[in-house]
Amino acid sequence: MKKLINDPKNVVEEAVAGFEAAHGDLVTVSHDPIFIARKDAPVSGKVGLVSGGGSGHEPLHGGFVGYGMLDAAVPGAVFTSPTPDPILAATKAVDGGAGVLHIVKNYTGDVLNFETAADLAGADGIEVRTVIVDDDVAVKDSLYTAGRRGVAGTVFVEKIAGAAAERGDDLAAVADVAEKVNANVRTMGVALTPCVVPHAGEPSFELADDEIEIGIGIHGEPGRERIKLEPADKIVDRLLGPILEDLPFASGDKVALMVNGMGGTPQVELYIVYRHAAQVLADKGIEVTRSLVGNFVTSLEMQGTSISVLKLDDELTELYDAPVQTAALRWGR
Amino acid sequence: MKKLINDPKNVVEEAVAGFEAAHGDLVTVSHDPIFIARKDAPVSGKVGLVSGGGSGHEPLHGGFVGYGMLDAAVPGAVFTSPTPDPILAATKAVDGGAGVLHIVKNYTGDVLNFETAADLAGADGIEVRTVIVDDDVAVKDSLYTAGRRGVAGTVFVEKIAGAAAERGDDLAAVADVAEKVNANVRTMGVALTPCVVPHAGEPSFELADDEIEIGIGIHGEPGRERIKLEPADKIVDRLLGPILEDLPFASGDKVALMVNGMGGTPQVELYIVYRHAAQVLADKGIEVTRSLVGNFVTSLEMQGTSISVLKLDDELTELYDAPVQTAALRWGR
Amino acid sequence: MSLGITWTTDWIRESARVVAEHRVELINLDRAIGDGDHGENLDRGYTAVMAKLDDLPPDATPGDALKLVATTLISTVGGASGPLLGTAYLKAAGAAGAEKELDGAAVVALLTAARDGIVLRGKAESGDKTMIDAWTPAVDAAAAALAAGKTEAEILDAAATAAEAGAVATEPLVARKGRASYLGERAIGHRDPGAQSSSLLLRAAADAAKGA
Amino acid sequence: MSLGITWTTDWIRESARVVAEHRVELINLDRAIGDGDHGENLDRGYTAVMAKLDDLPPDATPGDALKLVATTLISTVGGASGPLLGTAYLKAAGAAGAEKELDGAAVVALLTAARDGIVLRGKAESGDKTMIDAWTPAVDAAAAALAAGKTEAEILDAAATAAEAGAVATEPLVARKGRASYLGERAIGHRDPGAQSSSLLLRAAADAAKGA
């Protein structure tokens, strides 16, 4: 295992300390319990947005804390949901009196730990609503599984709900728009290489030199199927097919297209992926009106990509375009 | 070789096409000869900024085309300087009548090809000034070598010179401030893993499982020395030492600190590096007033990092803070 | 020969020991069908428990000790197993109440409450390839041993043996809860890490009772 | 038995062939002490040259053909070798002038002009571990062969042989120009890719003359 780390036990703590040092203009950090909050939190009268989950997916979630997006991010150990204590502390820290929205990716651990924190916050008189993000179409049958996983679509949920909160929507309205984004976004990913969790020291799974994993999860969970390496355009077809069928997306739709890197993918490759994805959508009469290309929801050093498509209407587009100022996403200010 | 590509021969072309599709709001693309220009180029009366070099370092340079930074970027084949034709075409395309600045990283190929293009542009009546960026302190003895390499410090040169051009400085002034940035920035990098150039299909060099390469170049050129893997903090010490000695930086200096990912490095690691780099600077009484952490000048999927330190004064700080709107760097609008 | 605070703390210490010993094994089981952190999660949790164990007052009851484990696991483990095992210990503590000594019936009640707590939070059924597939056979075997008039130590031994068999029996299953559920057929042939760790914890309980 | 357009185009064709044949070898030499693209760069360039070669008018002179190579390499190769070799061909074309046939003296003048062009652009000296270390021995050997009254084919053979030796002789050197200069002592033991490719190009010239 080759990593720029000191001790595997201190990875999260030291990375958060570095984040604090680099982005002191945007955030403040609580070290015990550990969470990252917007510098000016709590914003009085504004709905607070808290997300979190295992570390190793950076910039998610800490990179999205700031004006127009999250009020706090709670990093767990690498690939491990945070415990209720820091979630509760973050919830209290950002409550501006208008309630707090928890944005939770659909993993058993995240759901259970946020659930406990929400209960405890409720007992302390803070109104909490929870939105579960489950945009990953790679998981086929939600009836007999833990349900779909929450993956890169989370960025759209956090951006758009954050904008709604910033313009002064109340908790119900912010939660509703977050649900609406989740209902309209679909994602699927592929891994070319596994990643190595620092405390494990071994790759999360094995892939032969000519194999890729279609439908990979963001924790290195094995995906839908393992196939031989193919040209990028074919891989894009495999990812977009299930995405477009699922909502389904239709000719005339306007969409935001995100090509997300898994952490170790060169940007040239992401743009090669974007190119064909945009072509396929255009061929189907689907208009891409907003685009994101880069590392947003990663799996440490994994090589691979995920494609997310979000169906936009005027409201979502307006909220997407609203100013945002975070370490990883910034425009309009 | 596992890559999200179609044909190694088409990597640059397809990636640029994807970039064009994703960022059509910011740029226009010429496909033959290939270059990326600011959407509103030429900006009448403004000095045009053109940079370029081998591909594989994205977001450099295309990601820095837009308001307040570059007017055009000329991508060569992967790790290969572009030829004079597209440089000349880009130079003509962005000339707004106030002359054009070429920002060239110090590699024999880049220098020679830009030189030819500048001569040809001059013959066509366009005034061209050239700034050679050579911030890499890993290369020790510049008297008996091709000189220091241009690496991540290029981002600071492009940002700050771009701001000077945007506020209306003339060609001499823009060139002077670019020289000033180059004179005040120092960089050194480390590789944990090599990268694979698509047309070569083999790693650019071999590193044992417990070895790292200190002073790596951004083309996978072997560096200053090969050592055993060490804790991140020790590696940071090895990079910062030569950087701080070289200018030298002194107590009381204000600096911008960039921790740059080589393409395949997880963000947690970059922030662990940032944390210790900021500590070392603080211990020496050097104040970090501006920070960049992320993938800015990469070497495909290489794992590793580079640290750049730029000595700031009021003028450079003001220009750094000026609005910029590019695919990879954006603030203030 | 009922079980008191010594058994409880012995159990906790032995749990910490076996979790540390099997840390890599549990990581590897989780790498195969999950995300590779299960051994690390539990080791972090039980290390934290050990750091607090000496703070227990001298007159602590088994319930006090179990509650300490519960709150510590909940606040240090994270992931799916943290809240689930945390709830198990919390409910077990509730079942133990303020009693100083637990007889066979109390032991069975404790195990049953623990299992029910996991089901309450995680909603898994038997055969879903989760830790429940260790706990439910354990509870059933414990109840049968109680009915057959066995000692507390024998009851716990029966529970541990059934849990071990239950963990092994997860191997051919497709998962319907937790991360492994994403794998479909590909989870077949792999043992569930949570079932395996629960069988280790129950064996620790039996071993602690043997010494008692 | 002077050399005309047939020799020139044979030389170019043979150059394209050997560059393609040695593409991977040149990439590997460049991977060792550079950035691993030299074989790819030249192959891209000579492939482009081949695509244009048939456009040469029937009455083209050697100078015309060499100029075509020059402009095509400059506009397709990039990197350090593109402008350097491009300039070499450009200066060679200048030396060849409008002549239809080149005698021994003209061949030596052509090689000398090519070498001087590379030095003009790249400012390398002998022993800097660059393509100059193939070219300068080649020029010297060609001049010596001319002075000894050899034929054009013999002159080119002498040049190629000297270039080959010159390329081999770069192995023990530390580089002072180009990317390999960053390596210091670590370049020792590796042959310079540009010197190697130049020796291939000069051997191609000699082979083309043998056939002529």
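Residue numbering begins at 1 within each chain, and the chains themselves are lettered A, B, C and D in the order written.
By our rule, contacts are C-beta pairs under 8 Å (C-beta built on N, C-alpha and C of every residue); 3 or more make two chains touch, one makes a residue touch a chain.
Which chain is which protein? Per UniProt: A, B = phosphoenolpyruvate--glycerone phosphotransferase; C, D = Dihydroxyacetone kinase DhaL subunit.
What you see is a predicted model, and the numbers here were worked out from it, not measured in a lab.
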Self-check item: Remotest chain, chain B as reference, centres from CA atoms
Solution: C
Self-check item: Computed distance of Cα centres, chain C from chain A, in Å
Solution: 32
Self-check item: chain B-chain C separation of Cα centroids, rounded to whole Å
Solution: 55
Quiz prompt | Whole-Å gap separating chain C and chain D, where each centre is the average of the chain's CA atoms | solution = 75
Self-check item: Where chain B touches two or more other chains at once, by residue number
Solution: 78
Quiz item: For the protein chains shown, what form does their contact graph take: line, ring, star, complete or other?
Solution: line
Quiz prompt | All touching chain pairs, where touch follows the definition stated at the start | solution = A-B, A-C, B-D
Quiz item: Taking the complex as given, what residues does chain B use to touch chain D?
Solution: 54, 76-85, 107-109, 112-113, 115-116, 138-141, 144-146, 149, 197, 199-200, 202, 204-205, 217, 219-223
Quiz item: Within the complex, which stretch of chain A touches chain B?
Solution: 2-7, 11-12, 14-19, 21-23, 55-56, 58-59, 63, 78, 192-193, 195, 209-210, 212, 229, 231-233, 235, 257, 259, 263-276, 278, 288, 291, 293, 295, 298, 300-301, 303-305, 325, 327, 330-333
Self-check item: Complex interface listing, chain C residues touching chain A
Solution: 27-28, 31-37, 40-41, 44, 74-84, 121-122, 175-179, 181-184, 186
